[in-house]
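Pasting a structure here, questions to come.
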Amino acid sequence: MENQVSRRNFLNRLGVTVGAAAAATAVPATYFAGPRPAHAAIKVKGNIPDKPFKTGHITFLTGPANLLGEPGRKGHLLAAEEINAEGGFLGKRKIETIVADEAAGTDANVKELRRMKLSEKIDLFTGVISSGNTPALGPVAEELGVLTMFNDGCTDFLFDKAVPKPKYVFRVTNIQSADGVTSAVGAAKAWPQAKKVGSIQPDYSYGRNVHEHFMLAFQKLVPGAASVSEAWPKLGTTDFTPHITKLLSDKPDALICGLWGGDYVAFYKQALRYGLFDKMKVATTLAFGGQPHAIGKDHPEGVLAGAHANYFFTHPAKGRWPINDSFVERYYKRWNEYPSFESDGAYVSLYLLKAAIEKANLLVGGWPEDDVIISLLEGMGMDTPAGYLYIRPDNHQGYKDTVIGMTKNDPKYDFPIWDPKSIITIPIRDITAPPNWPKPGTSHNESTAAANWLKTTWLT
Amino acid sequence: MNLLETINLKKYFGETHAVDNVSLTIAEREFVSLVGPNGAGKTTLVNVVSALFRSDSGKILFKGDDITHTSVTERVKAGIARSFQIVNLFDDLTAFDNVTLAIFSRQGKTGNPATLAHLDHEVSAEADAVLAQFNLTSKRKEHARDLAQGERKLLDVALAYALKPKLLFLDEPTSGVSTRDKGQIMDTIASVVRGEGITAVIIEHDMDVVFKYSDRIVVMQQGAILAQGTPDAIRNNDQVAMILLGTSGPDAFTRKD
Amino acid sequence: MDILIIQILNSIFYACILFLIAAGLSLIYGVMRIINLAHGSLYALGAYVTAWAIGTFAAGAPLWVSFLLLPAGAVVVAAVGAAIEPTLLRPLYNRPEEYQLLITFALLLILEDAMHFLFGGTPLTAGAVIDSMGTMPIMNLRYPVYNLLVIAIGIAAAVFLWAFIYRTKFGVILRATSQNMRMASALGLNVKRVYVQAFALGCFMAGLGGAVVVPAQAAVLGMGIEALILAFVVVVIGGLGSLEGALIGALIVSFVRTAGIQFFPEIELAVLYLIAAVVLLVRPTGLSGRA
Amino acid sequence: MLEIKAIDTYRGPAHILYGLSLRVEKQEVVCLVGRNGAGKTTTIESIMGFLPVRTGQILFDDEDLTNLPPHERAKRGIGYSPDDCGVFPELSVGENLMISRWLGDEVARRRDGKERANPEAQAFDIFPEVKTLLQRQGLHLSGGQRKMVAIARAMMLSPTLLLLDEAFEGLAPVVVNRFIEAVMKIKAMGVSILMAESHLAAATRIGDRLYAIDRGEIIFHGPPKEALANEKVVKALRG
Amino acid sequence: MQNDASRTGPSMLLILACVIPILVVLVALPKFVDTYQIQLLTYGLIYAIAGLGFNLLLGYTGLLSFGHSAYFGLGAYSAAFMAKYFGVGSMEIYILGGLLITGLVSAAFGYICVRHTRIFFGILTLALSQVLWTLAYKFFWVTGGTDGLRVPFANLTLLGGLIDFKGRDTYQAFTQSYYYYVLFLFCICTVFMWVIVHSPFGKALQAIRDNETRAQFLGVRIRHYRWFAFLLSGSFTGLAGILWVPLNGLVTPDILYWPFSGEIVFMTVLGGFRTFTGPIVGAVVFNYLKVYAVASTAYWQLLLGVVLVVLVLALPTGIVGTLSRLFGKFRKR
């Protein structure tokens, strides 16, 4: 009992808010993501060439991960269309996008990025879903000196190790370690008695990151919790039955699942048939990460459904945060579906850049050099559909408060959404390493700076 | 001195006694013809002695050494070479390269990946000499597959010859060659073999050839040696004549045990 | 205990699928001496076609419609096979086997993208079929009834194929052609036609594998390449060109895989390839192949 | 019945038959004698359609077969027993026979305009012992049994012409006589036979006519007795 | 089928007359084309080294390996390990160390594989390469799993430290220097391989390919020679893998997976495996073909597949084989 009390204290100290409150921004932002209000005309200083602004976008066009890639691409295109409707960046430079398939593999992506920059002469590189790919593409982007806004592929590893001192590379969605921690907080709050934890993760860096950070946080929140079963299906697996049987045989109380995209859809459908959801509580990091309609009504309720600790379109709820209301509306009108966190990330990326370009133009006039744009992106804040987003200057990583909720069916939708009462919001500063925290390989050898920060400071 | 000696050599294929208790000796510098009807076991005997097949039992002595259990390569190194009834060449290589290969192998140079073959003038000269001996000089640069049947037959023998063997088996060197070219081929082969003092065992069915070139004739039937002797002795052996001519009626099928 | 039963059932289920793919691969090799690298892609094609057919025609229709459409994948793949053999493979029978291997590799590339083009990049499912059949209890756990159906289909296919090959006129023709193609033609068999039929039958088996697996899993791009390599392991272990071999191999691979995921997940796949390599080394004709 | 007009045949690069011609009349046993490698098997395989003929023609019942595939030739009633017998090793003897029985029904129907009453009769009449072997695998037959099965199988086809390649090779003497009787029986059934033989003696015993082949050319053609007296033939066959 | 390589006594003059202009063009190229093209060509030359090695087995020894990704990947991973675990940045050390490792492994694998020929050889090489793939895939704590290992050129030094690429925006400088580095090694490899195939040993390999039995009867120890050819072939391919890593910047298990072996076969057949220059031309062309296919259509596999079908059905001798036949006809006229 004592544990539980102190745990509650922990939760309070973490600043977790429950329910539909949320979206209270810490800092009022000057910029917001979305079309300019009708009355605010574009003020442009100097001469702007009307050369198109070429953008390279690599994302999953095929395969199970397409469930994440597709909304990202759609978010990007929506923003580009809106900006182009105003005449483009600074009213002059229309955005042109060339797209390539991330499913071609890491090596092919590296080659394609080089081609985009060297042969197609792109001005901006964006997209990328897999956290296996950003650590490969980030350094290449730095080598090539191409301004880059990753909208996902959010592994800590990118700015912890692969590009420790980024210049050209930025990333908009939340940092990966927050996924595992957010799910752990949600799970600890919902199922404080669960001590035996099972884990099913895709067999690559994302899965390992989720597993590590979830266990780290969960064991701090639920003393005595231990991992009793691990399953590591290959990314893109279609047959999860041996893994499901393995999990069933080890009888955990709760399961942490980091599968995503088509893999998660296949997994939950197969798990249903074996009654896995009746045998254990299930927490996920990315169940709600794909297109919302990809999850069927057959999905069980009461599953902790992660959205990469970022965004789900029903939160902030209608009427509470006009930026989101309007985004969802415009997105639905354009694509006839609801946006996912990837849509938000890709959409916001372009608006962030737009804001930085406009600001830079006011400062220096004409079309600003990359260096100026970069210096303005660093430390920039913006109100986005998901709430307030802040680009930290030390590592070029975007941060926003994390959210997670329980699945519930709602007659208004053909798919489950978050139960509004169950949604929790965690201030990002409470679950991730602060600026300039020592990186792995400096004063410690943890896998991420966040892991080291959690271990040494969290809840003590 | 006996160059080759087989002692009670046996090779059965199921019910067929292809080589049945053959004890044969070949003396140095002898030119021996192996004759007999189809299926008499001549080629099988050569196959066993040249290690293409393992014998079922018996012994093979070469220069007095027991070589029964040695491999093809070891026998080649010891000095046993052969040609083939159905031409067996390196079809994608030129006639010249076919021969140089044999010379390189003989000189133990085939393991060398670091020198250029065509710059080894000594070998090239020898190869050209061999080609000349077999009247193939004009075909030097032709691929083996493009040669005429008679030329292929000659090249097959030339390859074996280029190994400078002590003992050379020639398995029907004129089969499949038109009558026109036959005599010329045999003359070429015989002159080379005689000239170099090589011991030769030839499987041949043209009795004119056999009588003309052989020192000794060995007649085989049903896997066993039926008779052997000088050409004259064989010519006058009625039993042999009957068998070889196949004129003996049903008796031709009588197994000689 | 219940877990053990489920794991055994799952292994058998998986073995059935592998058998269907591997038997086709083995059959084609046995008759035509061609290693069909596109075989996995044909399996994937079967899965796609069935999923697409069920998704398109059976939506909202009664369950039996879905079952009627289940074999669609197998039939279409057999037809594709019947078209491929005379056009792409036949010109190569007199060429070195490298070319036969290469053309099937080309076929693999083409089929993978053709499926991408036809069915799109997102996985296709036919989960309604398996869900409508419900689950059955196995002590404390549940097990999908459909899986039992697949096992039944797998066993039936094995028995049927065996009977087909060893008890029918066509089977005699097929075996005769595989043993001595020239003699078969001298006895009046149209070897070209037998080849088309054999190839189509092999493809049918692969397509059937895909068709029955798709309700339980999903049709995704790349599933064929993974399946091919496992089917390869199966036929190598069992013996190229041997039907019994395909069965033995499928069981070994499937049980080793289940055990591997449970007990030694790190080296599960490596173990399978190592078994294949060792079998090849010690007994290149496989466990039940003849020399 | 069968007429070969000046054919040239190659095996890969090797030119084997040089303008070879021969004829087989109705209900006649014709022997083609020659040594190993003389071109006997090549001739038979050219007739059967395994080897393409570069020039010349092959006529059967006045129909040009030159460009037909082997199975079409079989359909016209040409039975074939190759030198290696060609018994399918992993099929039972029964199955081996069955294959040609199916076609035999068609051949008979086409020729006689009616079904065969008893398809097995001819074959079992020639070699009754084959009946006892039906369950046995081809692989487990002895050499003589294999020859019998091969000939019985060819007869199941209800042929009008039978091609026998080295039918007596490797047989024990007692058995040879049985085979010679069998050939006579087949002839009596109204079937023409073309035999490739390397034993002149055997050929002279059964052949109605004889062709001698050497190095891909016919060097003699006539009654068997004359062949024995012909020095060229005798020389070509010695060895 | 023509076989350039086995023509008696290749004419040195003719060869030099062909090679020197090509070499001049290759050396001068960076002056005229942009970084991207130079980078692509570097990839092409590296694949050409792999192709040369592969073709020693396929074209000259008559063994079709469907597992050459193993040696390419081994070379690449060896260099990556040295970079990650030993902080090595010297290209020369990568090459020495990598060659040692690929040499040892191909010696071991080769010893096993050459016991078989034809299809069994192919399957055995495939199975062994797949073993390496699963190891690279599963042992992520060593190999980085699917994320792979990075080998940034920023830490790389060439020529024993004479050239390095520290600081920002050095990509162009790296691409140029590395192009010349690879070009130089490519020339060495080509000459070396040319000598091998024209040596008595090379002739013996061709003899084994054409007629195993007869080669045996000339006293050639077949299995021995095949094994040695395998070793050389694996080492060449391994060298290509080593050179590929800094250029690519990272190594992932993809290059150990069997479809990459298929690509090596593809490029060799594209150029023509019965000619010496075939694999070189094939590798360079294939690289361009694939890059532009990937860039221009989502259905690049289909495009490659169709090219392969056309190649196998209509031009089995590949680009070089077909060209030399056309040239031969032209000359005869």
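General remarks:
In order of appearance the chains are A, B, C, D and E, and numbering begins at 1 in each one.
The rule we apply is simple: contacts are C-beta pairs under 8 Å (C-beta built on N, C-alpha and C of every residue); 3 or more make two chains touch, one makes a residue touch a chain.
Bear in mind the structure is a predicted one, so any value in this text is a computation, not a measurement.
Common neighbours of chain A and chain D, listed by label, are C. Listed by label, the chains that touch chain C and also chain E are A. Touch-path distance (fewest steps) from chain C to chain D is 1. With chains reduced to the mean position of their C-alpha atoms, the one farthest from chain E is D. The chain with its CA mean position farthest from that of chain B is A.
Distance between chain centres (mean CA atoms), chain A to chain B: 80 Å.
If each chain is reduced to the centroid of its CA atoms, chain B and chain E end up 43 Å from each other.
Centre-to-centre, using mean CA coordinates, chain A is 39 Å away from chain C.
Each of the following residues of chain C touches two or more other chains: 116, 265.
Multi-chain contact residues of chain A, defined as those touching 2 or more other chains: 61-62. Residue positions of chain E touching 2 or more other chains, listed in rising order: 137-138, 298. Chain pairs that touch one another are A-C, A-E, B-D, B-E, C-D, C-E. For chain D in complex with chain B, the touching residues are 13-16, 18, 35-37, 142-143, 168-173, 176-177, 198-202, 205, 214-216, 228, 234-235, 237-239. Of all the residues in chain A, the ones that touch chain E in their complex are 61-62, 100-101, 104-108, 110-112, 114-115, 118-119, 132, 135-136, 139-140, 142-145, 157, 162, 167, 203-205, 208, 234-235.
Considering their complex, residues 48-50, 69-71, 74-75, 80, 82, 86, 88-91, 95-96, 98-100, 102-103, 106-107, 153, 157 of chain D touch chain C. Those residues of chain B that touch chain D in the complex are listed here as 14-16, 35-39, 85, 87, 145-146, 149, 152, 172, 175-179, 204-208, 244-250, 252-255. Against chain A, in their complex, chain C makes its touches with residues 3, 6-7, 10, 13-14, 116, 121-123, 125, 127, 130-131, 135, 141-144, 216-218, 220-223, 257-258, 261-262, 265.
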